[in-house]
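What follows is a group of structures, each given as structure tokens.
There are two complexes below, and they share subunit A, which is joined by subunit B in the first and by subunit C in the second.
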Partner chain A sequence: MLFHKKTRVAALAALAVSVALVATGCAAGDSGSGGGEGEGDGGNLSITFLPKNLGNPYFDTSNAGGEEAIEEFGGTFAEVGPAEATPDGQVSYINTLTQQGVGAIAVSANDPKAICDALNEARDAGVKVVTFDSDTNADCRDLFVNQADSEGIAKVQVDLIAEQIGGAGEIAVLSASANATNQNAWIELMKEELAASHPDIELVEVVYGDDDDQTSFDKTAALLQTHPNLKGIVSPTTVGIAAAARYLQTSEYKGAVALTGLGTPNQMREYVEDGTVTAFALWNPADLGYLAAFASKALIEGDITGAEGDTFEAGKLGEYTVGADGVVLLGDPYVFDAENIGDFDF
Partner chain B sequence: MSTATTTPTSNVTKRLGAIGKARELGILLALVIVVIAATAANPNFLFSADGWRDLLLTPSILVLVAVGQAIVLITRNVDLSVGSVLGLTAYLTGRLFIDFPGIPIIVVFVIAVAFGGALGLINGALVAFAKVPAMVITLGTLYAYRGINVLWTGSDRVNASDLPKSFLALGTEQFLTIPILTIIALVVLVIAGWYMKNTRGGREFYAIGSDPAAAELYGLRVTRRLLTAFVLSGALAGLGGVLYAARYGTINSQAGSGWELDAVGAAVIGGVAIVGGVGSVWGAAIGAVLLLTINRALPILGIPDFWQRAVVGVLIIGAIVLDRVLAVRQKRKLIEARDDS
Partner chain C sequence: MSSITETTPAPASVRRYRDYDQPLWKRVLLTREMAIIALLVVVVIIATMTIRGFGQPITLTYLILDVTPILLIALPMTLIMITGEIDLSVASVVGLSSVVTGVLINGGVPFEIAAVVALLVGGIGGAINGFLVTVVGLPSLAVTIGTLALFRGLAVGLLGTTAVTDFPEFWTDLAKAKLGATSIPLAIIPFLVLLAIFAVLLHFTPFGRGIYAIGLSKETAAFSGVDVGRTKFILFVLAGLVSALAGIYYTLRFGSARGDNATGMELQVIAAVVLGGVSVFGGRGALHGVIAGVLLIGVLASALRLANVTSDVINIITGALLVISVVSSSLLAWLRTQRQTPAVKPSAESGAAG
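After this line comes the complex of A and B, so read on.
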């Protein structure tokens, strides 16, 4: 966190940090070639994580997961990355890593196309490329570790709200903007899931908070006032769920109306600790990094090639199968509640 | 206005005052109608504890920003950077609490207001000394301040759990059922209203807005007044930023984006003419309350989401048309009054 603050003191500091990071990158390369001594038993297990930007708590968590996995199987972990999440900021890091001859790059792409050429050069040089969290075009990487699919995201939210309101009653959805592609797809799937598994739950209204605090506040208030029998609100957007929680926290409906959806632990900690929110979902970035590391290892050791149907072991997470287009799905979203929220900082 | 000096003033000023009051009364009436309609559709709008609190609490921050905007508009300028100033000070507020644990809340208020005022001073200096239209300058600083905010915040954000409980309580707590934020907004409004109506400084804002060239010729310190107007607007947006942090608890790099249009809209609905010299901060404040109350009332009245913005747009256009009608009528009456004498 201390390091995290420094990057924001001034752009100058950010620059200095980037320079330092390039230096770290070199160091990682050195140890990588050192690790190459053990190549006889499966390859160069030097894996470098390249997040969208450094100093981002979300990627700090995923990289920590990657480091844990790499320690387990005895590879060499390193992380490098730009200070700002700009489309082409990752290119120079990829080129450097290619020259250093690392075993694999696990990258969360800032742009699906901008880093493609650099990644393909790396692959031509024998470096395995795994994307996680944010994919590139399918022809620029060997594997994509996908944090969650729409079905899983929709189902976990329906399950959470059904559990919190006892399986029956009126619920409403507080979404982002009316034309948000992700949210609309999830809401459609949620409706199907409700109809299929929870016929006693009635979705009375979908409102749009535009990912704006004030609008989300107002829409939450309006929902509570217009639907006196409302038992729960689902907000599949991080801004919406935080605003709705803040409104509920000081409202007469606190505890009477359940709230769940997609949120991050830091944002929701306050509301989970005081009981406004019982549980919410998101994927676990640590598991995502962990799986990306094991996927890299499987590629390096030649256990898999990234073809559909390939299977590999991922330590504590168990066995995974590569799906169509070289996508590996992490699994169901992770549920955060009062028990486990203290373990996360992102 | 110049006619007033050549006619018996009592008659004309009385009529002028009546029209001005009618303008604010009209907005107030519209507000009352909206509240009654929403309450009739759903009594909870006014009579539940949450409804009463939201009615007072929701517009409070915009009232502050709109008061600052009104002062700038009255001098025939505009401050489009208020949303960015608000966002930047809101994030500064969060950072102060995170980087200096235990910092007294009052110190944070002082720093944020001073910071907002400094950002306003930059606007004012560019407008007053560089003689570039305020719309261009503040459009530039709108992006510049937001850019600084994005650079500083990045993908990070301030969470409610980072802020002290006593500070967050400010955002929702009530004193005799009146939210603290509303009390702060009212105090600022009363002071600003009194200053604009009764002091030499306040009247000079109107004089500058009515006819900048004449004000200059008359020897008014135009530069100083312009700087003051922009500093006030920035400082009030800064105060709004602190309260924003207290109320929402979550601050990302986009906090307060779009507020400049709400602030200008509120002032215009409240009868502050965009060409300067006309209107009052009271009108702007009532306009702010009306704007946000309509936003809250429409979902309760069952108007579909997709139509709500259109309704707000119609109301703004309606306010401008009303403005124009009143202005024409006022001009006719002034001419009549002159001819009568």
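After this line comes the complex of A and C, so read on.
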């Protein structure tokens, strides 16, 4: 009886010890492989990407672009980030990178102000700071790599819809919420572009799906009923375009009403493959990461300081010029269609 | 070897009181709290020796800045959990007080007044919890899950997705300032003051004895003259007040008042309190263990981040540590009872054998 109890104790103890061993083994293994990455010695071209959060396909794509660029010029790539997209999580990582003394941080900010002090401490310690995708206040970073400007976003969508409906007819816009600043700016610019370049296209209505899948779906249905002559819909929001595509796919309007806007390849893949949508636009996150990496390199090597008019080479993307407020523009939005959508996973 | 323990029962005259079973040094050192403190020391030593960049003074600065809100909230949380209750709404109170401060500053109210109002809001939030738990008599788990959503909803509703970022520089600088030429942030001072107050309250006053008594047996405590309802109510109000203070600190440190500030922090606080040796069933725990628990989680996260370990793995390690610590403490307690029952018997037997 007593012996039996002792074996149970031993078994439990063994279990506890093995769990502990697994846990510590795990830690040791990771720190071993990770530690090597952080130690860039030659010229300190160690560049760390700090996305809004890890496990996000969009940032996986942009970080892969950054890694490709860093391999090209022989630096050290690392990627860290919080599990949740919170500013305080990012601050802990920025502090850690400051302690490690990396060459540059390429960060997509969860809050324009909250990570500012941490970034400025890093810069005081000699770390270069490049923001990409989502900017901080201009005084907290050396450069912002902007994925697209409003003019480019408005123009590419007008061009796409004009091409798809043959340059004439009624179109409508399915937006996010009525007070979304960026959406309204884009819609205003689209109106100007339509008036200037495509006078035969009439924008009959702007509806708001509130970036909610079901609302956007219902608004699409209502649009098509109220405007029987509608030839095209532009949805400059990823939620809206996917919901509208889902409605069109199963309706009589499939193929008859064109749809374009801003979307992500994973959401839009099936609609492009079955012909509901011909082409839509967004930027290429891989290029964004690639450019952020080259911008970091140019800052580390002192080729540029982030002042307006500075120019630097960015590998396969060519030469870039720093604009006002230290902003580098990636370029025109990227158009996804049946030809290239298979190359993207985000 | 221990087969000889199958013996006659001990004489009935041998009465032993468990507390005096062991010498003083054993009672002080062989405790759950000391085990966590020892583990903390071991982790700090190993990290300093093996991880590049850990042994710098700046590590201490960042560590304290990071864990101060958790340290603050852990104080009232320890007391609440010793009574056998729990408060899951603390992080939402942090968010709410942050937003209240921000909204008032936006409306042109001086920071000092905004902070006092935020503290009041935290106190009222705590009083709502306390009222529902003690007067209405609902379980604190259910009540504070409800107020977790309620306070967070209010916080997000007040500010929407915007953030207030214009705070007086004097105060934001103060939140990050260091003590003289040391690397210790000034934020440690309010914590130390509160620590002294809570330590005296819990360990050296009749009120504190009452807290333990409630955790061990509510009925016994009530019959012994402890006002159970009042004690719990006071503790929930304290938790609200201290969480609001943590919220003001959080706002100043990041210079940003947002509705989603400190989301999920309640779990970090509770994990640290449990790791520090407080029983979720109430009745046992001590503040020095809890402080060590908070620091242990903070030091581990800081060291692992410096070693380029990803956040998911850090979470796995912290979680595993928590499970192991809970399992091992019940295992040790069980082992002790197993050893103690026969331990009385062979003392008579071994005398006969040897």
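Some notes on this structure:
Throughout what follows, the second predicted complex is superposed on the first by the 304 of 346 C-alpha atoms of A that agree within 3 Å, B and C clash if a C-alpha of one lies under 4 Å from a C-alpha of the other, contacts with A are read in each partner's own complex, and residues count from 1 in each chain.
Going forward, a residue touches a chain if its C-beta (ideal position, glycine included) is under 8 Å from a C-beta of that chain, and two chains touch if they have at least 3 such contacts.
Treat the numbers as computed from the prediction; the structure is a model and nothing was measured.
When the two complexes are overlaid on their common chain A, residue A:E270 makes contact with subunit B while staying clear of subunit C. Of the two partner chains placed by superposition, subunit B and subunit C are both touched by A:E84. Applying the stated contact rule after C-alpha superposition, one finds that A:R141 touches neither subunit B nor subunit C. Within the superposed three-chain model, A:K297 lies out of touch with both subunit B and subunit C [touch as defined at top].
Of the two partner chains placed by the overlay, neither subunit B nor subunit C lies in contact with A:K155.
When the two structures are aligned on the shared chain, A:Y253 is found in touch with subunit B, with no touch to subunit C. The interface of subunit A with subunit B overlaps its interface with subunit C at residues 5, 55, 84.
Subunit A meets subunit C in the complex at residues 2, 5-6, 9, 12-13, 16, 19-20, 22-23, 26-27, 30-31, 34-35, 37-39, 54-55, 78, 80-84, 86-89, 91-93, 95-96, 98-101, 111-117.
Put simply, subunit C touches subunit A in their complex at residues 2-3, 5-6, 51-54, 56, 58-59, 62, 66, 163, 165, 176, 250, 254-256, 258, 260-264, 301-302, 304-313, 315-317, 320-321, 323-324, 327-328, 331, 335, 338, 342.
Note for the complex: subunit B touches subunit A at residues 42, 44-45, 48-51, 54, 58, 99, 151-157, 159-161, 172, 248-250, 252, 255, 258, 292, 295-296, 299-300, 302, 305-306.
Taken in their complex, subunit A has these residues touching subunit B: 4-5, 7-8, 11, 52-53, 55-58, 84-85, 178, 207-208, 212-215, 217-219, 221-226, 228, 239, 242-243, 246, 250-253, 266-267, 269-271, 273.
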